[in-house]
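Below are two complexes that have subunit A in common, paired first with subunit B and then with subunit C.
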Partner chain A sequence: MKILLMGHPNVGKSVFFNRLTGAKVFESNYPGTTVDFMRGWMRLEGEDVELIDVPGAFSLEPKDKAEEVAVKMLEENRDSVVVCVLDASKVERGLYLALEIIERGYPVIVALNMWDVAEDKNIRIDVEKLERILGVPVVPTTAISGEGFKELVSKIKEAAPVKIEKIIENAGGGESAAVSG
Partner chain B sequence: MEKKLSEMEFDEVGTVKEIAEDLRKQVAGMGIREGKNIRMATKQPIKGPVVVEVDKSFTSLGLGVAEKIVVEVG
Partner chain C sequence: MPLSVDERWDLIEKISKQTVEFGAYKHTLKDAIAELTVKPLTGIPVAIAVLYGFWSFFIDFAGTLFTDGFMVRLFDEHWLPWLQSVFPGGLGNPFYALMVDAGHWENGVLVASDNCFEAFGVLTSGFFVPFGVVLWAVLAFYLVFAILEDIGYLPRLAVLVDTVLHKIGLHGYAIVPTFLALGCNIPGVTATRPLETRKQRFMMITLLSVFVPCGAQIGIMQDLVPELMGWIFLTLAIGYLGFGFILNKIVPGRSPEIIMDVPPYRMPTLRNIGRKLWIRTSRFLLVAVPFVLLGCLIVGLMYLTGAMDWLATVLGPFLMGLFGVPGETVSPLIAGFLRKDLAVGVLGGLMERGIMTTFQVFTSVVLLCIYFPCLATFALMLKEESWKEFIGSIASLVVMVLVYGGLIHLVGIMLGVA
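Right after this comes the complex of A and B.
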């Protein structure tokens, strides 16, 4: 098993990576810089598991080099669990990517990162409802302070593939256009 | 009234009505889909890109892209 960290550019994937692997690396602040990717190891229930920091991508329809790499890495690591890191203050557009990954049959766990920023902006997200609709674990996190990480790690093993049709049904709509684009 | 996204005035709001077929998937990941509310946040001179706000997040679009998106305003 491998764990892939995926998400839009600038949602904190690399901070996630450093926190999970314990790497002491400082973050550069240039947007979308993770075109080279990082690999590391983390302990998960007594096992060493490989963790890959995938370059930021807006969707699985590649428009630039970084997104091409991201899609390739996803396809080359069929046996992975995907930790989909979203910006909680821009949750709607992040969910688009999460749904694309779920649709391809990967077990996904959603991290609503930058939870503190969302709170500051008065954005409230019903995590339980989102979890019910998606059928995958959803965990609020604040990567820079480490909040939510224990819960996230403990739920990685709960991630399981979900049928996209099931999610459409849970969302209460035949409005499939909103899901499949 | 319908107009191209590229023709929206600064701070004007509208609803996305139509997106050119070849573009639809490209902008969907940024949150721009038909039926979405959109606000013109910044316009650049000399055929520069535009910045629009959708769901509280900002996305910049090339003018060529913005010309292929139809919005309902007013």
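Right after this comes the complex of A and C.
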């Protein structure tokens, strides 16, 4: 089993990678810090698992060289679990990539990173409901301080492929839960 | 079953309606600072202040404090005299010349060097250049750079320079590879990957490798010719923008808008700054030191065998005629194939002998910046570009060097300084 870290540019994938593997990958606060993939090893329930830090991508229809690398990594590692890192303050945008990966049949676990930023911006996310609709584990994280990592790691094994039809069914008619933006 | 783009967005809309709630947005101090740094009226003064602070720190910390205050004395007053006194062979011995001091002829007498720029031995200049000068420049550069990176200032700078760079077919994002290249051209070239079209990448890689001097080179230039730095940067900036404008007109392809996220400001963590500083500095030492030592040896051997003098005589008329620099400039140009910092160091040795006018020094320093990317960058360009693009880059490079170098000479003649 391999684990791929995927998500938009500048959502903190490299911080995840460094935290999970203890490796030394560059982390910066601007999009496009990682332009090539990085491999590392992490311990998961007693066994060594390979973790790959994939360059940031907005979608699986590549528009630049870094995104090409991302799509290639995904295709070359069919047996992977994908940790999809989302910016919790921009959930919709991140979900697009997450859905694309789910549609391709990969087991996905969603990390709602930059949870602290979302809180600052007064954005509230119903994590349990999101988990129910998507049918995959969803974990709020703040990678810089390390919050949520224990839960994330413990849930990696729960990730399983989900049929997109199931998600559409779960989402239903979309009755409004709150004031939407 | 894959969804269409619209179906996917519909689904996302449904999901987010049920799970995400946007509360009232409070304007925070962070937002106020964020706005001040991107609005042109306040942002441009802030950018100037930031860059000025960056440069001052670079000069004071690396140049004045470490290099001049400590390293120059250590190398020139202790290391060099000590080696001259204990190393077997003595002045005139070929091995001694290669390792410690080649000396130079003054009125028919071979005279020992009194500083590490002039001596040009593997153990003297070969150590002085990386450890005496460049290491401190690289450290100072990467320290400030890492802080700017982690705060999230670079994307704001990108927004500010976006309009100017659009005129030459580049996007504001180009500031990120350019800035990185000021540390070392290698990460600068890899950072062009998020650019969308081949045209943009080609232009960026070509402009970077020609007009952006690396930190090592800047550090040693600052040590050697601090009074010319303003002119050198101005000349390089004009070249960058001017040739960017021309490339944009003649290179086929498009330069579409790139939409870049401006991330929120963040407090940098000491851990991350320290780690980046360590990785980048140790990478520099690993790559630079062997090349500098090797370069020293090659240049030394070429002097000893007379190959350098031969080249200086053969290429002299060409260099003098086109660029207005003496034939001796051949030696720094040769060193520059391996390392730019070493090349400027070799030039420093020539300057110490007083065979060049200020304008010739200026022209030579600019030529060293633009004539060839260092070997490591060259190899990376080969990897990053297709063959066609690579040949294009090299061809543009040759044209730019000949045209721009000649132009500088011409301006010098017109101003009466060349």
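One rule holds for everything that comes next: the second predicted complex is superposed on the first by the 166 of 181 C-alpha atoms of A that agree within 3 Å, B and C clash if a C-alpha of one lies under 4 Å from a C-alpha of the other, contacts with A are read in each partner's own complex, and residues count from 1 in each chain.
The criterion applied here is as follows: a contact is a pair of C-beta atoms (placed from the backbone, for glycine too) under 8 Å apart; a residue touches a chain by one contact, two chains touch by 3 or more.
The shown structure was predicted, so the numbers you read here are calculated from the model rather than taken from an experiment.
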### Touching partner for A:Ile168 - first (subunit B), second (subunit C), both, neither
second
### Query
Just subunit B (first), just subunit C (second), both, or neither: which does A:Leu97 touch?
first
## Note on the structure
Of subunit B and subunit C, the partner touching more residues of subunit A is C
### Task
Determine, under the contact definition given at the top, whether A:Arg124 touches first (subunit B), second (subunit C), both, or neither.
second
### Task
Quick one: classify A:Lys63 as touching subunit B (first), subunit C (second), both or neither.
both
### Message
Based on the A-chain superposition described above, do subunit B and subunit C contact any of the same residues on subunit A, and if so which?
### Response
63, 92, 96, 121, 123, 177-178, 181
### Message
Residue numbers of subunit B touching subunit A in their complex, please.
### Response
24-26, 28-31, 33-34, 54-57
### Residue ranges of subunit A in contact with subunit C within the complex
8-10, 24, 26-32, 35-36, 55, 63-66, 69, 91-92, 95-96, 99-100, 103-104, 117, 120-127, 129-130, 133-134, 144, 164-165, 167-168, 171-181
### Query
In their complex, what parts of subunit C are in touch with subunit A?
1-3, 8-9, 11-26, 28, 30, 146, 149-152, 154-155, 173, 176, 190-191, 193-196, 201, 260-261, 263-266, 269, 272, 275-276, 279
### Of all residues in subunit A, those that touch subunit B in their complex
57-59, 61, 63, 87, 89-90, 92-93, 96-97, 121, 123, 177-178, 181
